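Down below are the structures I want you to see.
Across the two complexes that follow, chain A remains constant while its partner is chain B and subsequently chain C.
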Partner chain A sequence: MRILCCVKRVPAPGAKINVTEDGQQVETAHLGFTTSPHEECAVEEAVQLTEAQGGEVTVLTVGPPEAEEQLRYAASVGCQNIVLVPTDGTPLDPQRTATIITETVQSLESDGGEFDLILFGNESADSGGFQVGVRVAHALGRPIVNGIKGIDIEADQVIARREVDAGFEVYHLPRPAICGVKEGINLPRYPTMKGRLASKKVELESVDTDADAGGQLMVRLHRPQETAKETAILGDSEDAAGAIVDLLEELGVMS
Partner chain B sequence: MSDFPTQAKVVVIGAGIVGNCVVGHLAELGWTDMVLIDKGPLPNPGGSTGHASNFIFPVDHNKEMALLGEQSANQYRDLGMSVDSGGIEVARTDERMDELNRRMTSAKAWGIEAHLLTPAQVKELVPFVNDEVIKGGFYCPTVSVVDSLETGTVMRNKALDKNALQVFANTEVLDVETSEANEHNGRRTVTAVVTDKGRIEAEHVVIASGVWSNKVANMADTYIPLVPAVHQMADVGPIDVLAETNNEIGYPIVRDMDTFCYERQSSGSMEVGSYGHRAILHHPDEIPSNEEAALSPTEMPFTQDDFDPQMETAIELMDMLGDAEIKYAINGLLSLTPDTMPCLGEVPDVENLWSAAAVWVKEGPGMGQVVAEWMTYGYPRVIDAHGADIARFYDDERSDEHIWSRADEHFIKTYGIVHPSEQWEGRRNLVTSPYFSRQEDLGAEFFQARSWERPQWYASNADLVERYDIPGRDNEWDARWWSPITVGEHLNLRENCGVVDLSAFQVYELTGPGAVEFAEYLAVNKVDKAIGSSTYTPWLNQDGGFHSDLTMMRLGEDHVRVVTGVFDGGRDEFWVRKHMPVDGSVKFTNSTMNVTTLGVWGPNAPTVLGQLTDFDLSHEGSPYGSVRDVEIATTDGPLACKLFRISYVGDSGWEIYTDWNNGPQLWDAVMEAGRDLGIRPTGGGVYGSSGRVEKGYRLMGAELESEYNPVEAGLARPKVKAADFIGKEAYLAARDKGPDAKMCTFIVEDQTSSSGVKRFMQGGNEPILTTEGERIIDSHGRGSRVTTASPGPSVGKHLLMGYLPPELAVIGNDFQVMYMNELYPIKVGAVEGSVFDPEDSRLKG
Partner chain C sequence: MTLLVLLDHDNGVMPEASREALTIGRQLADDMGGEMVAAVIGALDDGVIDDVAEEAQKFGAETVRHVNHDLLTDYGPDAWAECLRQLADDVDAEAVMAVGNDRGNEVMAFLAARLDQPFVANCTTVTDADDDEWSMTRLQWGGSLLEDATLSADLKLVSFGHHAVPAEPAAGAADADVEEFEPELDDSHTITMIKDRTVQTQGVTLSTAPVVVSGGRGVGSADAFAPLEELAELLGGRVGCSRAVTNNGWRPHSDQVGQTGTRIAPEIYIATGISGAIQHWVGAMASKKILAINTDPEANMVTKADYAVIADLHKVVPAISAEIRRRREG
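Coming up: the complex of A and B.
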């Protein structure tokens, strides 16, 4: 079985992220980088599926040369092949990214055979466009379901589960198929030290592209207005009861 | 913030382990009205304390670091904030095994329990160690793991409980204000700290800001020479064997010294820390704010590539680590300084601005105490801290270029094997003497003294090795940074004449109507003598211990020259400025770069100089200690010089002082005059070591420290002058009481090691022991140890200096010295006096 995971290098969460004065870039001086959390889960899912059923996992990213760090990370948790489509670091629009991925998939498949399953993260952690996976699926003419929190692979189909309020929607997708995976599908492992060392030996395949820009243009980045949070201590033990009742009434949850 | 204070006695900037310990100790010493601020939240404001690995290995070759480490460990213990996990330094090489033997020696010197282990014994204590890759281990049962954050809280609370302190977290310092320069001494005075919550006027300000310390110092237009540097650490786990201990720390910490790495259990995980990667240095402005940091400001994003080689060696030592998950990994920041020592004490150019910086968790409580005592008594009582004194730096050492270069060079030596005489590779030739090109032509081997280059020996004197049939040293360690030429230069000086470049002397002029009175106030011995006389004298601190030991010359009615050693220049200039009278009656001038000094000594010295001047060089015309203006003949005409009859090598001769720019003519004239009289350029190996030690001359920073007084050092004169001076009261009390230790010179009776090789103690605090091998401790708790070691070529013995309790300090008494974990017999050769020419007949010749 051949599984492809598409991942994106994004700033590590937890830090206040500033944008440059011209609004065209994220200020990277203090930032660490990571793989989008949904995609980290996609990688884990792919590794678990191949561990259980055999096969290999290829990880693909379109990004700056530094994105090799995220590919090696994926290799360190058990992926066999890593492919980088290098960019100059300028953020690409989703249409262009999808075109690049589509072309790269076609190229990789012509060399190594069809991918039984292609996994995307539900959306990227930084731009959150929700577009790339769908565009790639459309271009390749393959079925896609997003928001997936469970995957089983059978001989001729992929069974994907999507969480809804009352339970799960279950999709039966003919192979080859594409899923947009959502955080929570699994708990991604950390790399082991041996895994990390092994990942250094995995050969990085680099694929060049000249795909045209799509129609979406970035005007500028804004930091959203921060909403200041204040913690008020309403009182201690039973002394707090009156204040809590007042608050609940204010919130309209008590009549 | 209406409750934010506008005035305080003390503002301490930084609530890490150091700032908290400073306020705790200050409160214990009676200080009140203190304010502690930090830009981060409490209890972990985001500095280096918050991510420290929190362990203390108590053995260090350096006395200050060892004793303050032990002091700190004991404070953590007393607060119930520490667990003795034990720790093992393992060796993978024979060279490291030698170093572990050296560690054993230092452990003995400081009285710390330690054992050498076989690989199998290491494995008994740490079963998951691969004993096949190690040759042995150095085990310290008292290696401890501490809770530095909680200790900080407890120390802070001590001050809060005494109502001596207000604490403000999340308070950013914007400026540190100072006065204009004081007219009388050129120093400014700190006046206030400006924060985002308001301005506080303060009498004292303490910078305990860790990696940000220099940034804060810059606000006061001054400098704390440190650079934030990365120490990488990864937490890997879970690991069953560790989890099963049900303990934060159940196994001894392992330092894998040859791979510059440590493994320290942290509950069910192992922290793998590295000092083996490239030096990764940051400017303080590159450190993110608390908001901008994903973890904390000093836990910067991990650069995995730098750590990869460490993982391979870590797995080699502990295979189980390979399958453990890397859960947390950081580029943790810590502080490095140009010379690896902390920056403590009052900032030289700003009065009442204190540095408590470049201190790691392992020394935090002890160094907090040092700074608190310094502020209270004018000097730290717990230990002599001259090596950490921030006043030690010269301007050349207070630049980013210098600090970055030095930190880049020494980071990898954190777990390295560093020879006591090891020289820096980078940032050399910062200050060279006027004779430098001539010395280079003579093949001088330069040793750097702070920023100054000084010849240690001259390759051009290689023929002396054959002439005097001087053997080499068979042991590589003993022969490193040493040459038999230095012995040749010594013997030639004793037989003929030697010329020593003393340009690195730090020369200060005290002038003005109050100069002599002020000079008297600094010095133990009388300075107010005839013009043209000199005084060799201690300067004491308020407690009567040594601050310095130097020469003062009465050059005029209102002019006293101070000449001190290059290692003490910064501290001594600071001391002078700090104590200058406020009435402006004294002017201070640093004339170091205007004056050069050449020493000429040996039986032929008078004949050599006699060819260059008509001046009466006899003991009548140029008596010992006199300073005389003479003209020295050179090919460019007569040169105005001062001839100072003095000797630090035990042979008759002079220090010749002249204008810096005239140095080359002076050198050429002296060398030419001595051409047929056996004159040789002579290096520091003679001046600073063999010549000095044969004569038992003491050296500041070695024999002389603030923990000892002149009575003990054998430098007390028969009478005490009438004039007041710093430390007089304590000095009088010490004289009444008598010495609690006496400075002795020891002769090493047999230098042969158990493997039949002749060994040479280096003077690195080797313990002096009884014939039974027991430590010798005086009534003040001070252990006997080697303060200086040197060959004594003219007495044919290796010589050591060190203190003994008075009842043991008897010529002929037998002792032992430990060197590289072996014992060698030694005998007291001199008490207070010298083993060579004790009657000083050669000085009188």
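Coming up: the complex of A and C.
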């Protein structure tokens, strides 16, 4: 089985997100980088599926050369192939990203054969466009469902489950299929020392593709307004329990 | 100028999100100097259609189109998007919008892909809907950051962030006509239709609980959540947690609050042993009141909370439960 996962390198902010002076990007001077938890889970799912049924996992990102770090991480937890479509790091709109990914998939498939399953995250952590996977699926003529928290592979179909408030919705997708995965589908493993060493030897494939800009243009980023809050300190030990329960009574949640 | 608004529903039950969509849609239609048509998709009983139409009218829809076809047995993004595409054509829509929940965003993405048009997800405001090019503000990072953007397209496709505005009935709403619309669908549109449903939880869920008692890395282990469970139960609430906790396998992901977890809005959020990273905060910030229990007075959760106790959660949480019991028994 051949599985492809699409991941995006994003900064990992802590208590708050700062924006560069020109408003074009997140201020990353003191930040590390990561991929979205959804995408981490997509990678883990792909690795688990191929461990159980054989096959290999390819991870693809469209991003700056530094995104090699996220690809190597994926290799360190069990992916065999890593592919980078290098950009200059300027944020791309979702239509452009989708076209680039579609063309790259077509080129990877013409060399190595069709992917039985392609996994996306439910949404990217930063721009959250909720659409790249759907656009790629449409362009490739394959079925997709988003928000997937359970995948079973059968001979000719993929059973995908989406969690909703009351339980799960079940979808049956003919193969080859595509899913947008949500965190919670599994518990991603941490890389082992052996995995880390092995990941250094995986060859990075670089694919040059570009596409025209779409109709959604980013103008600038800014932080939502925050109302400064006075925090009332109710105590510094378990003796605060009385004051807390007074508060709960006041809020009417004790009944 | 016509704005087409998709109403979400689950077997006829309309979520609050659909009332929000109508509230925003009414504003947007006014800005565009146009009319709002609300679309409800699927086989629904006449009684349900009447209820939906009454709601839609109350929130300012001039017309309600009930889209139905034998193949629409349940929700499916392909089929729903195709229905919207044909209906947008039929009403000569300038723009189509949905609320930015899982389904709304999914259907809009399918529609956008099919039409090869841009789709701007999770807007909070659109400033000049009467121009050819729209300017809007939208959510990034699950709402921790805002993006000003522009949209140029033949057919404008947008979703509005869930909770972007409170749902409010429209002034001077008139009777809305319900008109049937039968799209042309075939089996190619039903590949992504729901085939089955499994019911798991009943009763109060994390997103609707009046009280959420959450634990973070500071709790220390799966077993150490027992006192939090007990407190949540005493208050008729639910236990939540941070990603550090789900990552450690101490709690299931369905308990996770935050950007990639659940957005909560309880009367009070009791956050214990949680530092308050922005991705956690964004899921908790709609809480009416926040009480942080943390040993670190500088923790973001503490400085952003309404109330705080600077102490060991392992001592404070059981003491709260004991005090509640004492008062109830006494």
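Here are a few things to note about the model shown:
Quick note on the criterion: the second predicted complex is superposed on the first by the 223 of 255 C-alpha atoms of A that agree within 3 Å, B and C clash if a C-alpha of one lies under 4 Å from a C-alpha of the other, contacts with A are read in each partner's own complex, and residues count from 1 in each chain.
The rule is simple: contacts are C-beta pairs under 8 Å (C-beta built on N, C-alpha and C of every residue); 3 or more make two chains touch, one makes a residue touch a chain.
Keep in mind it's a predicted model, so treat the numbers as computed, not measured.
Look at A:Pro13: by the touch rule set out above, it reaches both chain B and chain C.
Of the two partners chain B and chain C, more chain A residues are in touch with C. Within the superposed three-chain model, A:Pro174 lies in touch with chain C and out of touch with chain B [touch as defined at top]. In the superposition on chain A, A:Lys194 makes contact with chain B only, while chain C stays out of contact range. Of the two partner chains placed around the shared chain by superposition, chain C is the only one that A:Val219 touches, whereas chain B remains out of contact. Applying the stated touch rule to the two superposed structures, the overlap between the chain B and chain C interfaces on chain A comprises residues 13-16.
Interface residues of chain A, counted against chain C in their complex, comprise 13-17, 19, 26, 36-38, 93-95, 98, 123, 125-131, 134-135, 137-139, 143-147, 149, 161-174, 182-184, 187-188, 214-224, 229, 231-242, 244-245, 247-248, 251-254.
Chain C makes touch with chain A in their complex at residues 10, 75, 77-78, 100, 102, 105-106, 108-110, 112-114, 116-122, 135, 139-153, 159, 191-202, 205, 207-208, 210-211, 235-237, 243, 246-247, 249, 252-254, 256, 259-261, 267-268, 275-279, 288-289, 291-292, 300, 302-311, 315-316, 318-320, 322-324, 327.
Looking at the complex, you find that chain A touches chain B at residues 12-16, 18, 29-33, 69, 72, 189-194, 196-197, 200. In the complex of the two chains, the chain B residues touching chain A come out as 234, 236, 286-289, 291-295, 300-302, 304, 308, 311-312, 314-315, 321-327.
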